[in-house]
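The structure appears right after this line, and notes come after that.
Chain nomenclature is as follows: A, B and C, assigned in order of appearance, with residue numbering initiated at 1 for each chain independently.
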Amino acid sequence: MHKSADSAGVDFSREQLASQAAAVLARLRATQPRVHCITNSVAQNFTANALLALGAVPSMTLSGEEIGAFVSRSNALLVNLGTFDRERREATAIAIDAAAQSGLPWVLDPVFVDRAERRCAYAHDLMALAPHAVRLNAAEFTALSGDAPSRAAVASYARERGTVIGLTGASDLIADGARMASVANGHPLMARVTAMGCAASSIVAACLAVEPDAHVATSSAMLIVGVAGEMAADDAKGPGSFAVAILDALYTIDTQTLAARARII
Amino acid sequence: MHKSADSAGVDFSREQLASQAAAVLARLRATQPRVHCITNSVAQNFTANALLALGAVPSMTLSGEEIGAFVSRSNALLVNLGTFDRERREATAIAIDAAAQSGLPWVLDPVFVDRAERRCAYAHDLMALAPHAVRLNAAEFTALSGDAPSRAAVASYARERGTVIGLTGASDLIADGARMASVANGHPLMARVTAMGCAASSIVAACLAVEPDAHVATSSAMLIVGVAGEMAADDAKGPGSFAVAILDALYTIDTQTLAARARII
Amino acid sequence: MHKSADSAGVDFSREQLASQAAAVLARLRATQPRVHCITNSVAQNFTANALLALGAVPSMTLSGEEIGAFVSRSNALLVNLGTFDRERREATAIAIDAAAQSGLPWVLDPVFVDRAERRCAYAHDLMALAPHAVRLNAAEFTALSGDAPSRAAVASYARERGTVIGLTGASDLIADGARMASVANGHPLMARVTAMGCAASSIVAACLAVEPDAHVATSSAMLIVGVAGEMAADDAKGPGSFAVAILDALYTIDTQTLAARARII
């Protein structure tokens, strides 16, 4: 994997990232994968709408009595920690087990592990179950890994845990220990819409459903979300219209837009 | 009931459906019925907003300790199966009992019964409690009835169960065993917004609150939702702006628009 | 405190209210307070987006195992009664205790206490824990206080309970027993969007996080929300676009707009 001409320290040019994402997006729209989401009630509606806009089919039940059946009929699983009570932890255990038995990829989103010790301890337990990818922000990375979110620390944590880390912020890093990608797309209004990160994690899951290379899937998802955010900002007057416009953008985003807008850092 | 001039196999002309729906809509806006909704957390916000936009007053508590009081002060009840855990099944039993004691109509929406056996078994239990109407899609009809969703099968299942079946899809069928109506309105973007079917079911409940003939109430609800979907699509750039515009359309839809846009098949 | 020139029976002129609210808003945006919200699942998404649009940082977990940690790292707490089951009542008790220990202000929103006796009884229990402010509508005030919502009754109830009452409706009253403010801003479409009152209560909490005088904080929140509602109505075609536009308005509202639009009665 050669270094890109326009950035140091990353293994993918903007053209490579755009091309990979376009291929993943085309497969996603052609196959309409089912993504089962264990997520918090704040995020459920926006997450479902983001998946539907992109072309995936969400389901969201949290009942331990049926979640195994739902997961085994899905193509990928999202586990978002905004959901912490005992009943939901039991459902999560069943869901991850069902995903493992069916060979499905799953994504961990360790929301707010920087805010409560027990939540962070639970995230450590889930890391031991080997998620295919983890999407998180800088504060969550620091709480989970114990390190400041430098490129070296992200690569090291990904390598040590044998997973893909998708660290989002003003720019995004995607590392699997061997490879590092960056995505410089996005917009500050994304931080003013609740559940934007949760929705991004669900899109990682949707991409994993159609792309076996978890690094390619995660970096494609990050690029799609970042470019959609920039498309949305073109029309938005504030976070309300931005949240609407990013759903429209996930519906209309295409190969040409990805190629024209992709940026790395 | 004479056959309409512009369609075979249905008992209502487009003019009849539009006229019925306009009368139901006028009563709904004049009386502002209370609709208690047992629905899943993905759908709650959009369902409440759809009811408010149309002129009804939603409530949504799921607590067994108070749901009886809420239902007995309402004018109709929606039971949506997106809600499956034990606590909510207990609340559902209390709510249906309270509706029966108060003589309130109730609607069953057997969401995703095609995805998990236990959910389907629970839907069968609820069918035995005689909902006034059932709104569902083709996959859910097949799972529930054991038959492919032909006109004959829908009519037969409605007759056998003594209820109104509102089957939604590219076009909708509304059957009570004696009568069959069709609604050809709607738009493909409706399938790209989560909880659109759940919201439609809540509008069936709102119409039942003001119209004792459950077949008229259900076909009116289907027509109102389908026409609102077409109005929304006129302005939408994708599923985000479509979801916003359909709420505006439910607020502004009127007799003239229903008459001009109603279509049957 | 002198009577305003343009209204009888209130202690704040429109200029005073606008000036206070502008100062509170500036502090809120500068400090980005964390507001922990115990609220119902219908309201969670819109409430979080309203807080983010204004410049605050919401969190919403309801798990008893971690809510104490979340609250103690927050700057204010909202307790909304749309959440009634046993688990959530336990979480509420922990949260209010954590707020008291950390010296944090908290707001009570006694949603729908007029609909179920047990909910009203629970609201009385919470009133005994001395919320810094209570935001409610006329029906809820009557159920809670046993009195019709006259200015005298609102002032009397606030004085007796040692709290600030923010009574919202076609116009709003804000009383702490010693002082009375009115806000005449707002728009009828606010009643057609679910969780608008819940979001307003969360904004009271956000203002309390940056303003120790609870009467000033509550009247500032009421003015900000009312003016944002009028800004939103300028562009809205119905309740769908109104809900989007009020989030944009909370993001863009400024000192000049508050000064130009503030009205009292």
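Points to keep in mind about this one:
Here is the rule we go by: a contact is a pair of C-beta atoms (placed from the backbone, for glycine too) under 8 Å apart; a residue touches a chain by one contact, two chains touch by 3 or more.
Being a predicted model, the structure only gives us computed values, none of them experimental.
Arrangement of the chains shown, judged by which pairs touch: all-to-all, with no pair of chains left without contact. Between chain B and chain C the CA-based rotation angle works out to 120°, given as a multiple of 5.
Both chain A and chain B derive from one sequence, and where they touch, under half of the residue numbers involved are common to the two copies.
Mean C-alpha position of chain A lies 34 Å from that of chain B. Residue positions of chain C touching 2 or more other chains, listed in rising order: 41, 45, 243-244.
Residues 40-43, 45-46, 82, 84-85, 112, 115-119, 191-195, 236-241, 243-244 of chain C touch chain B in their complex.
Chain contact summary for the complex, chain A toward chain B: residues 41, 44-45, 48-49, 52-53, 58-66, 69-70, 73, 87, 243-252.
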